[in-house]
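Next up: the structures, one after another.
Two complexes, one shared chain (subunit A), two partners (subunit B, subunit C).
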Partner chain A sequence: MHQTAGRGDAIKHVFMWPAFLIVLVVTLFPLIYALVVSFQAIRIVPPLPPRFVGVENYADILSSARFWGSMWTTSVIVFVSVALQFVIGFALALALHHNVPGANLYRVTFLLPMFLAPVCVALIARMIFHPYLGPVNDAMSGMGFGNIPFLTEPNLAVAVLITVEVWQWTPFVTLLMLAGLQSLPDEVFEAAKVDNIPAWRRFRDITFPMLLPLSVAVIFIRLIEGFKVIDTVFVLTGGGPGTATETLTLFAYNEGFKKFNLGYTSALSFTFLIIVIIVGTAYLAAAQRVMRRYA
Partner chain B sequence: MNKLLLTAAIVPLAGAAMACEPDYSGVTLTVSTQNGPFIASAMAMAAQSWEERTCGTVNVVEFPFGELYPKFLTAMSQQTGEFDAIGFVPAWLPDFAPFLSTMPAELQEGGDWEDIHPVYRERLMVWNGEVKSATMDGDMHMLNYRADLMEDEANKAAFMDRYGYELAAPVTWDQYYDIAEFFHDPDNGRFGTAEAYRRGGQQFWYFFSHAASYTNNPNNPGSMFFDPETMDAQINNPGWLRALEDYKKGLDFNPPGALNNGSGDVRPLYAGGTVAMNIDWADSGVLGATEGSIAGNVRTAMLPGSTEIWNHKTGDWDTFDDPVASPFLAFGGWQLAVPADSENAEAAWDYVSEVISPEMSGIAIVTANTGVNPYRFSHYENIDNWLSVFTREEAESYLGAQRASLDAPNVALDMRLPGFFSYTEVLEIELSKALAGEVEPQEALDAIAAEWNELTDEFGRDSQLAAYRASMGLPPM
Partner chain C sequence: MAHVELSQLTKAFGAVTVIPPLDLDIEAGEFLVLVGPSGCGKTTTLRMLAGLETASSGTISIAGQDVTDTRPGERDCAMVFQNYALYPHMSVRDNIGYAMRVHGAAPAEIEARVGEAAELLGLTPYLDRKPKNLSGGQRQRVAIGRALVRQPQVFLFDEPLSNLDAKLRVEMRTEIKLLQRRLGTTTVYVTHDQVEAMTMADRVVVMHAGRIEQAADPITLYERPANRFVANFIGSPAMNFLSARIEGGAVHVGGQRLPLDPADAARLGDRTSVAFGIRPEHMRQAEAEAALSFTPEVVEPLGAHTLLLGHVGEEKVVAQVDPRFPAAPGEPCTVPVDMTQAHFFDPETDIRL
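Let's look at the complex of A and B:
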């Protein structure tokens, strides 16, 4: 019996190691390779021989005003848009959960933006906010506000990017929060109704705390995804005017695919990874504290 | 009867033997360029014709534009022999030239060779004295305007009253802005002109088109972008400043939101009749004549010039009695080359000669979506070939403007330098800031000059200087 178990252990390793090695090669090798490249000066254009530069690329990044500018832009877009997505998405989920008239129609309509490719969303937005042909400016002109440079004035351009993010990703929040609402036990709410607890308190003291773990997860997903925004920015503003709407990913794209500055781009990617890890960790720590308070 | 049957049997055989001329049976060429239809469809069209003539085979491999440069450079520098012919942009020639074969001598003679305009044949296709590539597409910026507005008698009289000279295609930038102002009528949905101002929308070529007039000094050849003796950036000199101020002034006569317009937006604005003029490559004219609302009224002129050009040596303006035209060969047009590591170099050059032959290119220039623009004398002279696209007046104007641009003694070549996109990216960022009013024009140009000088040092000043001089047709120092 003991011998059989020993042989079984050996076979376990035979099955496990190839899979482990494949995962190692497929997942970790690119990361390790990119990490190594990030400590080198490698340019394809013009071709320069690779040179070990230590942390010079990282130092350059941290002292670059353009990096901090793109960091600020990304943060504004992500935090404002995710906050709005959550508030609006939760509100819509509550409305749909309470079967407002036409709920089925709304359910389908609200989800549509999420199914569109971000590039399509950006193209639609570009037409809508077009200074000359777009309906928004038509309406503004009709109301006597004149032509508003939505995509060429830095603050307005960021506002448009936030609007587009909210429009596209609120349905995602709605969908998950609605699923969460539908999974809540009816008995609790019925008991609250019997006790004549008003709707606002039912939301504050029952619905919200019970959905808090889901809310934390939804916001976390949206935060991480939000930091990757590039397609809508690329199509809508190209990062301009100047670098006013350039996000971290667009900055990395420009360095990597326009200037082919590979060492610097790798360092940017790792800096970006570290930022996302820091933001994610800080968020989860804060969320845990909030959940403990409600527990 | 037997003789007749024999003859009938031999004729197809003889025909088949003649079809393989030269005989490249069993040879498969891999040729590559950007995703179609533009350029790739012209290469595919020639591939079919080459296959019929030589019995060889051609695989046209397409990649997104952004991937072309690293793919080609990596393949050639690693000697993989992956590509037999490549379609690329002139700005990359400095980096590619060491890995390219030289065009065979027999292709550099005869009527077909002489038929290529010398600006392409002797300047853009040549690197360090050797012909390394073949132009398959002619490109330059031109001024497009509408005949229905510019040739209208009432407009002419009103313009004369207001500005004191004849309304005609502008020969100076001041005239260009006068005309733009004259036709600028936003209340009625018409705007003076359209240019690209968007970062990432090819804006820098539009800026260069203005700058050429003030900085491409015929007394100091090759001094537009850099000092050809020291490689110091010239982009913050008073000539460039005037160009930027001009370029920015144009925003007043563009449709609203022009800061977000790329070259792709400029074309329909002209073709749709929204603007009286625009500056663009040849595409605007074709679009206007074929799909726009101004068909029949498309007119094309050489870019405006200037009577003053900055002299970086004297640090002063050189003045000229008549406006000096400095038409700018923005982009310069797609080129074909054969990598030195190709195992089928002879066949590949034969294929290249097929693509650029007067017959094949003559078809490509008038075929929709090939993206091929004229570059041969025969392209400019054979007006009848263009009548499927333009009216005769339009064709004469369109071809005349291109030919005049190439023939202009002070024609300005585009910047071709290793690290081209690093230089232009810096330029675009600062340019956008200046156009948006975030920084003063001089401040933006000073920032660009400083960063260009840093890039030059990083890439190696001596090697960059040598490349720059070669790109401008200047002898090595």
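Let's look at the complex of A and C:
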């Protein structure tokens, strides 16, 4: 009896340890290592021995104007672009759902931007908005406007980044909202039609509330993803002019891989993680309140 | 003039015509039931009436107004769907009052009408619940409530009881019928259940392959079916059909001779080939001396009566006899046949003779 139990125990370890080790090596170790590093001053170039500095890195971050600047830039890009993505994406999904003529063609073309690598999208956008060679400025001068410095004027550069984000990620919203629309029962809408409910009221009172849980999820995914934006910014503006379009991730990248200031970068990454968690939790709590009214 | 008129109405989906030209007049206040097997076009007809399907040709008019091309909402019909089609995120109160609210009725009036409908349908305790917290019967009552607060010209029911269990179906059947009688609203009701059709309707329209086979009150349908399809569809268990010939005032079937009612004999004359229809329940007791012998293969006692299932010649026959009728599987027996209830159909055209 005792032996059987002993053998069972051995097998238990055989099954358990590989999984635990994988989690440890792949997830926990880097996370803990980064956390430890975030409390140290480490420089690779020029190499300095690690020195424990406590929360000094975090204090530096919170008192850095550049951090708050990148925080503001990221927030503006994320909130404005996600709002536009949702509104435009939902509108497109509605149009496709109601089978406008040529819906099949649109369905494919609308989804294309999503399949492109963000770097390619940014390169294309950079050409389109180029001050001298870009077609946008060509058109602008054709209409009598002067040359507009799209990528070198801070507000315009942020606007261009938002445009590119919207262009690339609206299809994602369209795709999910279209799937949601197609899963709604037809009879409910037929009942509303027979009851002479006008189209916009059908949308406001029936479609929108029924798709609310899906909308919450879609916006959540886009918010979290949006906060990580780096490639588009890196290619399009490089964070410039100055640091006017620098996002949180790009700021961390510059600290880590241009200045090799690893302790500070780790602290920055953790700050970033905390911000995303706070924003996500606050958003979900707010969404819960809205959904409770309907569910 | 009829309240609802369908004239030369057709519907085609692509090249497939599901409704050949159809004419139907519905009187004001009438409870009309469209009944038929799946795919007979009854639901399509109802949906065309509601405006959810466009008619391929022909016209529909309600209260003297041509509504063929009118949007569904402007026909003043209210519809109850098979799967209830309630707004899942609204309470019972909001579901019932929603259309009134959208159309700008005064809150006090909405409250009064919703309360009245809820009272009528026994929904008062559930007004603040969401549909997902209701049983099937309650949900269907909400759907009916939503239709009746609108006080429409016409009620349309699309198989509203199909999703309910048998007991509830019988209860709701009575409730809907009583409600319609009390409100006096013209009603078109679609079902595939002939018992529902017979029990509820003022007039039953039996449909088959998009055509109206017969439109008549339930008793006429049962006693004088216009053709073999109707005879077979109405009544349970279904009517027996036996190939027979008529000679010398009697029906000859499978070597047996069943004397006819003199009036029928005079009307029908001698015929070499005829479809002889007799309902199982008319093989129970008879004034006439006719009787049919066969060997039951299965005996099904149901309590109130017993079914004997067997063959006469090559053809199946079912007799519904008294529970104490002396019969056993495999032993020949003779059942009386009420020849005054016999039906005869032309074997070629299936039309009643």
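Criterion: the second predicted complex is superposed on the first by the 278 of 295 C-alpha atoms of A that agree within 3 Å, B and C clash if a C-alpha of one lies under 4 Å from a C-alpha of the other, contacts with A are read in each partner's own complex, and residues count from 1 in each chain.
Note that a contact is a pair of C-beta atoms (placed from the backbone, for glycine too) under 8 Å apart; a residue touches a chain by one contact, two chains touch by 3 or more.
Owing to the predicted nature of the structure, the values given are computational and were not obtained by experimental measurement.
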{"item": "Partner chain(s) touched by A:132 [first = subunit B, second = subunit C, both, neither]", "value": "first"}
{"item": "Which superposed partner A:190 touches (first subunit B, second subunit C, both, neither)", "value": "second"}
{"item": "Subunit B versus subunit C as contact partner of A:205, first or second or both or neither", "value": "second"}
{"item": "First (subunit B), second (subunit C), both or neither touched by A:294", "value": "second"}
{"item": "Partner chain in contact with A:47 - subunit B first, subunit C second, else both or neither", "value": "first"}
{"item": "Subunit B versus subunit C, judged by how many residues of subunit A each one touches", "value": "B"}
{"item": "Which superposed partner A:149 touches (first subunit B, second subunit C, both, neither)", "value": "first"}
{"item": "Contacts of A:260 with subunit B and subunit C, given as first, second, both or neither", "value": "first"}
{"item": "Residues of subunit B that touch subunit A when the two form their complex", "value": "66, 69-70, 73-74, 77, 94-95, 198-201, 255-257, 259-260, 274, 418-422, 425, 429-430, 432-433, 435-436, 438, 459"}
{"item": "Complex contact set, residues of subunit A against subunit C", "value": "185, 187-188, 190-198, 201, 205-206, 209-210, 294-295"}
{"item": "Residues of subunit A defined as touching subunit B within the complex", "value": "43-48, 66, 130-132, 137, 147, 149-154, 234, 237-244, 254, 257-261"}
{"item": "Touching residues on subunit C, where the partner in the complex is subunit A", "value": "50-52, 71-75, 77-79, 81-89, 98-99, 102-103, 143, 146, 150, 156"}
